[in-house]
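In order of appearance the chains are A, B, C and D, and numbering begins at 1 in each one.
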Amino acid sequence: MSGPRLLAFAASFRRNSWNRKLITLAADLAREGGADVDLADFREFDMPLYDGDVQAEPGIPPGAEEMARRVAAVDGIVIASPEYNFSMPGTLKNAIDWVSRVKPMPFRGKTGFLLAASNGQVGGIRGLWQLRIPLEGLGVTLHPDMYALPWASKAFGPDGRLVEQERLDRLRVMIQRYLEMARKLAGGTALNPTTGS
Amino acid sequence: MSGPRLLAFAASFRRNSWNRKLITLAADLAREGGADVDLADFREFDMPLYDGDVQAEPGIPPGAEEMARRVAAVDGIVIASPEYNFSMPGTLKNAIDWVSRVKPMPFRGKTGFLLAASNGQVGGIRGLWQLRIPLEGLGVTLHPDMYALPWASKAFGPDGRLVEQERLDRLRVMIQRYLEMARKLAGGTALNPTTGS
Amino acid sequence: MSGPRLLAFAASFRRNSWNRKLITLAADLAREGGADVDLADFREFDMPLYDGDVQAEPGIPPGAEEMARRVAAVDGIVIASPEYNFSMPGTLKNAIDWVSRVKPMPFRGKTGFLLAASNGQVGGIRGLWQLRIPLEGLGVTLHPDMYALPWASKAFGPDGRLVEQERLDRLRVMIQRYLEMARKLAGGTALNPTTGS
Amino acid sequence: MSGPRLLAFAASFRRNSWNRKLITLAADLAREGGADVDLADFREFDMPLYDGDVQAEPGIPPGAEEMARRVAAVDGIVIASPEYNFSMPGTLKNAIDWVSRVKPMPFRGKTGFLLAASNGQVGGIRGLWQLRIPLEGLGVTLHPDMYALPWASKAFGPDGRLVEQERLDRLRVMIQRYLEMARKLAGGTALNPTTGS
């Protein structure tokens, strides 16, 4: 049985983003678990701020079309996202807003797993709770567990793994659980009004 | 292939609760879809207000133990809940608080589907968004779609079905989708620290 | 100029609750700042689980009537609340649900300040974000700052003050700011449909 | 006594945005109530997607500096915001994210009032609940009442007022209440660590 196909990215444009390091590690662990992972750079999905007039003419921007294509091609999405001001980054919400306008809307029926790294003690988990809302509203079945990495500046070793073995093991187990869910739900379960079944 | 085992209840003590009518219909539709449904009356889970001193001595109350047993025995939980003051009912959160103290904690690894009936136009969906938080935090994989029934006083026919065929069809399809998810995920995918895999 | 009248309580029935210690300290600091504080024990507001049939007959229970009277008599409410399962305690939401049915509904036009103590590192702040929703929905103007006390078991000295001077100063300043807001807004600003202005 | 100074804008770039019409009306009503209103076009605050590397070099973009200046110059902010995907628009969150990096951070100590227009029956209120989180987290004291305008395409008359007198009266009263709060709290009450009192 082949593993699930996943799209993974960090919702940060910053070159030295902790979430970039975390998603790279998560993608490695997912591949070790049998997944076929498309690890994207958030810059590949660069797009303007959402504007209904732009959507009408000239239409959905290329970066959003690209993200929609890459979401449509997989069974699940894995996002490592920083927390900005107690919520998700505007940049990530903007990408979700554009992609939600693409027909057929690609998020519906996908599974998802969320992670956050921060250099404080809370680890960005509050932002992920806000991020669940648009994703679930768009029909993504999110794994209930979320992985938050606090004190990120001291967390990674030179090999990109986590220095603390216990944290690494916990992340590996969470990803294994998510892969199991992504495999079982591949094909989707959310309501699709056009097929009706 | 046998259908999933489900526990279904309305989070209301009121005899003529719209959510009671809605969960009865949802249970019927789930049975028609092959599920084995334990339709409970919320009064069977009557318990005092949570008190840490009571938990210490004399211990978890019988109503919470009963609810924990019934949750532990199924693959998924289906809850129809009213919205009180823009959030979930305190009564339902109180039951979750007590049951979350039972060892082993029975919510982890279950799936869930949420519904709400109200006699206004919003249909109680805002309360369900708040209800997702403790359930997902406790390890329940919730179906992304939620069913909200507005104007409940005019919605039900004498047979307990919905008068509007379109609404009934939409509920049936949502439940079919949830049953598919509940069947595929039976056995659980959330992280269980004690087994570690 | 006289200080604002405040009702303060911890949303916990437990005798040795950290939130009880925290609200006692907060009430002391508020009195030092000129407030007239009614420090209540949550047990004074003991009431059954909300049941619409009970509300209809025999009516609002005495504990809810008592809480409504005490809320109605003040300019603002100060609540120290534990976090249960990533949200507010069911017990506190149950009290809000009952009191919201009392006419005239006493929360409207009040100000409020929220605190949380926990014995972990997050300090209960996630639960307070959920608690804001019903209170604001009912017309309470909440101070934007919230005070979260982590590692509560080591935080208090024998005099009930906080061992770390910096934490104590921060709490004192927050309370002074809230008192200023409570004083300025005494009399209420939320929409009251019956008076219309 | 002079009225409060307010910054008002709709969080939409679309020329025919319903929220643009709603904020124009709200600004008119606020001026009738004595406020000094700076009615801005969201396009004046155009800025790129947030990028920590851009912030480091070349720095905060002009659109964010402009918004920060305009926020800093007033007592309160009034925002009419569409709901995108059950939450706030990514564009608005992006603006908040940039402005929150300006020193001194201009949101702290301001008051705010939120509105939403939509062409459906829910009126966008769910998005406003998510929008409260970053604003309150940044120290804005938000009025508890929020104004949601459903079925916006039929709501406005040719004079820009609301066709239904009752809706218009309700909006006028809410704004009067907010003006009262904005006047009383002008000068700020949120904690400012640099002044300490």
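For the reader, a short list of remarks on this structure follows.
In this section, a residue touches a chain if its C-beta (ideal position, glycine included) is under 8 Å from a C-beta of that chain, and two chains touch if they have at least 3 such contacts.
If you're wondering where the values come from, they're calculated on a predicted model, not measured in any experiment.
Placing every chain at the mean of its C-alpha atoms, the farthest one from chain D is found to be B. Between the interfaces B-C and B-D, more contacting C-beta pairs are found at B-C.
Between chain B and chain C, the centres computed from C-alpha atoms are 30 Å apart.
The distance from the centre of chain B to the centre of chain D, each centre being the mean of the chain's C-alpha atoms, comes to 37 Å.
Counting partner chains per residue, chain D has residues 86, 129, 133, 137-138 touching two or more of them. Within the complex, the chain B residues that touch chain D are 86, 121-122, 125-126, 129.
Interface residues of chain D, counted against chain A in their complex, comprise 12-15, 17, 46, 49-54, 84-97, 100, 130, 133-134, 137-138. If you check the complex, the residues on chain B that touch chain A are 129, 132-133, 135-145, 170, 173-174, 176-178, 180-181, 184-185, 189-191, 196-197.
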